[in-house]
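Letters A, B, C and D mark the chains as written, and numbering starts fresh at 1 in each.
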Amino acid sequence: MKKPIEIAGVTKHIGVPRKRSEDPQILMGQAKYVDDIKLPGTLEVAFFRSTHAHARIKKLKLDGAKKHPDCIHIFTNEEFSAGATTFFPNTRGTLHPVLMPFFAHGKVRFVGEIIAAVVAPSRYIAEDIVDLIEVEYATLPAYNDVEDAMQPDAVLIHEDLESNVYYADSFSNGDVDKAFSEADLVVSEKITTGRTSAAPMETRGVMATWGWDDTLTVWSSTQMPYPLRTSIAVNLGISEQTIRVVAPTVGGGFGQKAHFFPEEFILPWIAKEIKQPVKWIEDRREHLLSASHAKQCTIYMNIAFMKDGTMVGMKIKNIGDSGAYSQYPWSGLIESVAANNGAPGAFTVPNISFETVVCLTNKMSTGAYRGVGWSAGCYAREMVMTKAARLLDLDIIEIYRKNFIRHDEFPYTTSTNQTYDSGDYHKVLEKCMEMSDYEDTKKQPRSTKDGKLRGVGIAFFVEQTNWGSRSAEESGFPATLHDTTTVEMDPTGKVTVRSGQFSHGQGLKTTLAQVAAETLGVPFDDVVVLDGDTATGAYGMGTFASRSAVIGGGSVIRAATDVRNKLLTIAAHVMEANAADLEIDEGKIYVKGSPDRSMTVAEIAYITYYDRFTRPDEDEVEPTLTATRHYDPPAAYANGSHAIHIELDPQTGKVDIKRIVAVEDCGNMINPKVVDGQMRGGASQGLGMGLLESLDYDESGQLKNASFMDFMIPNATTLPDIECAHIVTPSPYTEGGFKGAGEAAMLSVHIALSNALVDALSEYDGPLVPMVTPIGPQQVMDLINNTNQPQAR
Amino acid sequence: MKPANFEYFRATSIDHACELLSVHGDDAKILAGGQSLIAAMNYRLARPQVLIDISNIDNPSEITDEINGIRVKATTTQAVAEHDPVVRDRLPMLVDALEHIAHFQIRNKGTVGGSIVNADPASELPAMSLLLDAEYEIQSASNKHVMAAEDFFITYMTTALQSDEVLVSILFKEPPKNCGWALHEVARRAGDYALVGSAAIIALDDDGKCAYARVVLFGVASTPVRAKEVEELLVGQICSDELFEEAAKRVSEVVDAESDVHVTDEYRGNVAEVLTVRSLADALSRTQTAS
Amino acid sequence: MKLEGTADFLYEPQDVWTALHDVDILVKTIPGCRSMEPDDEGGYVVAVSLGVAAIKGDYEGKVRVTDVKFPHHYVLDGEGAGTPGYINMKVDCYLDAVADGTLMRWSCDAEVGGLIAGIGGRVMTGISKYMAKQFFKALNDEMKNLFEEKKIKSA
Amino acid sequence: MVDKQKIHLTVNGTAYDREIEPRTLLSDFIRHHLDLTGTHVGCEHGICGSCTILMDGLPVRSCLTFALQAEGKAIETIESLDTNGELSPLQNAFWENQGLQCGFCTPGILMSMKAFLEDNPKPTRDEIREALSGNLCRCTGYHDIVDSVVAAAEAALSSGTAKA
């Protein structure tokens, strides 16, 4: 493995909590999101979507709708000539693709599936016309629960499959049966995690227009402009270089917008058919019905323990709920495959075996959402560990310490063949315990004066970050992922960074500029980062899976280092010095030890471009100061810990969150303020999963809470301040020693919450350990009512 | 999510609104703050063909001090009522309830009358109407009449208000001096509709017996419910936690609890009992400090 | 959505049965019923306007009576669709002779889809119960007019 | 087809006369008729608060208001806060304290907080959270927004004016 580049010079920019350059325009309401972009003559699209979860379409009646005076056109599967798939060639060949058609043909498989697209002068009118469309359905049994859909006699959701299970695999390492037979305690539980949605505040949206020269421009609220461009080219049969994809300001994605959705192909196609720009802005109901869902798994978790808390074996069956289709590019395997491959977490689990099953149901398909797989997988493992701790009369802390991978064991290859690069788990845990007064709080009485129950919970996570090809491989995804950056220093010494990453809230315009300024030795304000537009960036996979700081940052370091070296070579020639003796600092190049012998970066840049008499010969050094570099790094594993204090009302099941502590080790930080922001945002989403969020379907496949009134995400009173701290163990493998930070932030919050609940109820007969998410008042009361009254210890 | 077409009329007065209603009848809906109606229209659940907007009549917000209580013009925004000095002084429990309605941005536009006519069993003002023996002044083109809040609520979003009638004002009666009151609700987040809510008023006579009691539950059944059976058990008695628990047991007889996506009917029944005990206890503690 | 209830009638089961199968009576008594026409499959095509307050919807659908055991039991099968969504339901009805007339026990298993399912869920059960109540009240009133003389003079 | 109706109102100090369909939501009127796209639409049923604007000085949901209901009213939107590109103290506090990430919810939050701080120039963190509870944010976990509002309050007090 190549040794990472040392960042030269004094660190003036990396590690600085600077404020974000993208913010002023947002704060002034000047940032442009998809729906803010106006093209003259733009028509609007509204979709007619299935109201049935599983049915054959007997008759589609468009006559009434077409008679509407303002109906420009109605498109259905019949007119949609292009290949009807959202497949992207980026997953295992053996897997049945289970593709989502752009338009339903023959049958519908979930409520919200697209049947027709109406084009009209405004969204208002388009919806009037949608109301006039009629369908005759022949209904089929709908499946909400994977374990019903798995039954041999279940009706097939996709007739070209033999069963609703389209993926089943198993893995084993060590002697699991022996471990279980020799263990002092085996805890076996069924854990189910709720179906949720990333629910970014900006819903999805697409606008498309064709130029006079047959070039296509697509604006989409996406996290991955380049893969989307390729996918549009492949699926619509357009040559890729004539397509420009722009991701303008995007109002959050969290993984959900790192997919290809039918709308992103339908709109460009419609624009071509009707020769006018078209726009579709998803409304919130559409969003909850038909933007990818996440995190719903049914997990049978069995762990074998010794009396002292040592984990000797783990047996898992993880059944992923794929929804009605496989969502690409990641496929419906994303939850359960990622979960099982990361099953050992922070622990040495010598003997492990798992089964991974992915099953179809009649719901919107499951896709990526912050902490993919691990949110559910870790929860299952940890709830079983928590129950074991109670049965063995240990604190979960003792089980953690007993089983942690020690800092002197890195690099450490887990029993599922993931190679952890770095970390100091004990140190992070101690820090979190200390900040949260964990041990002292445990000594306090549970009951408060006003009849509430106090509880404190802690949890620990390891997160695989920076999805390049190798991270993906270690998670069980044979995907090819990498990124490219072009660094250009122009004749005036100013710097443009062209990135394939794309910032939609993460502040990459700031952090990537910090990395470039650091590497080049120029002032921060001299650097501009271009992202989100395939016309001005460099081919990259986009921003998701905690990858951008590491892969984007790493490729910036590589390209900027090339430019820096070239700059120094030329400066050495011009200044008649030895390149090795030159230093660059904030735009000034000087000879080490004698700062009076100096020139500015701008002077050298000018000479490089415009003064062939002064600069070295072309055959010695090529003119211009540009470099393009690529990066596909080894996996790097972040880790961290959350602690939560709650007050529980045992009569109503209401949980109040009193304190949240978050400690994270994401290696070297580029901008600690941005990292804190990630930690706090992630904590809130983790809490949402643990406390509130659940897309509830009824037995006939109807989503019962298709609104923000009943599908609840945290508001400002749901959670308190979030106290953050950082432990830094740089990754020895990655450029800059960075590890990812984004998803880690939500991985153990819901676990800490449940542990706090367990602690609050620790004086009840039990142990009472929740095996579900979310835990609303109902679930808390169910937990309590399954037992006798409190008993004095 | 865009509303369907409708014809829009801006009423200059309540009389004008009634006149318009008599013309357009069943197809017309009154638009006040619109904080529930417009949401339903955006979803196209509601598709009235005619909207009669009373939010811009002359001085829509009017609160008058009357001998036996406070009269609030139906078009008064919840925010105005919430901050009105007279209301704060004479009906603090109403202020408490108003503060529980959604969020301040909603209360700036949502009206007192609108929330009552919308008759969501989980919302606070219908419950307060029962708690404060409210009387509704109702008008149509042809007549005016007064209806007790008790007779007003039929089921979810369904009231005794006829399609040609407008709610003009609400008289919230002032409970006995030195009474104590309390409101408790469980919601999943601040500002959400109550999963279960309970409000109570208690006044004591000179020898410390319960002379007056009001107990109301909301968010539990298909309408807000006044729990007379509970009140009867209290009046004339010396208040105690035991008595409250005894009385609260009757809640289950009074309410026909409903299930939804958040909690079961059983949860609602049990927690209604719990919150009733709490409201009563807090109300009592406030009576003692009141005089 | 599952619902059940009972209704008392001061008439013999066969009279109640007659009323329950009389199209004119049903049109008058089913809340929001606009029309009910026999179809060629032995059932009826029904048009109803259902809803509360501003939330109203027009539905067109079919009803069919099956498992007929005159005058004690039948099943009402219905399906309807309209802009707010669709409703499929099966109502199981038992008519038992009791001392002062007939006791009707009914249980309804309804599947509701579309907008109302996703947004109106919270109110659906309550509203349905209320409409059932309305229906039986209206039915009793109708029967008064129709066969008052047959009314059972209970002791 | 329903006839259009006349509307007259002022937005950020500019008077506008337009003819619109009665069903036009104020949010769409501001965004698409006046091209003031800083006001965002996140749910269209009044829960998320992204579309919050000031109507006669009071924060309201522009998605739960028909444009015609704003007849004769004075509307303020996010575009009114800065002075020729110079951030207001409130905006600046959000920049300094990273009170935003993706920024979609930010305009609604700024307009809500502007009004809130005028009513309550010296709020506690809990009061701020209560006031923020009508504006959903999916990115920040709210902590940094609360910090921003605290900072804005302090800035306003030290500069001797309650105006945020």
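FYI, a contact is a pair of C-beta atoms (placed from the backbone, for glycine too) under 8 Å apart; a residue touches a chain by one contact, two chains touch by 3 or more.
This structure is a prediction, so every number in the text was calculated from the model and none was measured.
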TODO: Write down the chain pair with more C-beta contact pairs when B-C is set against A-C.
DONE: B-C
Open item on the list: How many angstrom lie between the centres of subunit B and subunit C, each centre taken as the mean Cα position?
Closed with: 32
- [ ] State, to the nearest whole Å, the distance from the C-alpha centre of subunit A to the C-alpha centre of subunit C.
- [x] 51
Task: Computed distance of Cα centres, subunit D from subunit A, in Å - done: 30
Task: Inter-chain centre distance, subunit C versus subunit D - centres from mean C-alpha coordinates, in Å - done: 50
TODO: Would you pick out the residues of subunit B that each touch at least 2 other chains?
DONE: 1-5, 41, 43-44, 189-191, 261
Task: Sequence positions of subunit A contacting 2 or more other chains - done: 124, 131, 283-285, 704-705, 707, 709-710, 714-715, 717
Task: Residues of subunit C whose C-beta touches two or more other chains - done: 83, 119, 121-122
Task: Touching pairs - complete list by chain label - done: A-B, A-C, A-D, B-C, B-D
Task: Interface residues, subunit A side, partner subunit B - complex - done: 123-124, 127-128, 131, 283-285, 651-654, 692, 696, 704-705, 707, 709-710, 712, 714-715, 717-718, 776-778, 781
Open item on the list: Considering only the defined contacts, which subunit A positions touch subunit D in the complex?
Closed with: 19-20, 22-24, 26-33, 35-36, 38, 69, 124, 198-203, 249-252, 254, 283-284, 504-507, 673-674, 676-677, 680-685, 707-709, 713-717, 719, 721-722
- [ ] Would you mind writing out the residues of subunit A in touch with subunit C in their complex?
- [x] 51-53, 111, 131, 139, 285, 289, 698, 700, 702-707, 710
Task: Residues on subunit B engaged by subunit A in the complex (per definition of touch) - done: 1-5, 43-44, 186, 188-193, 195-196, 261-264, 267, 270-271, 274-275
- [ ] Within their complex, state which residues of subunit D touch subunit A.
- [x] 1, 21, 23-24, 31, 35-45, 47-48, 50, 77-79, 81-82, 85, 87, 91, 94-96, 98, 100-107, 110, 125, 128-130, 132-146
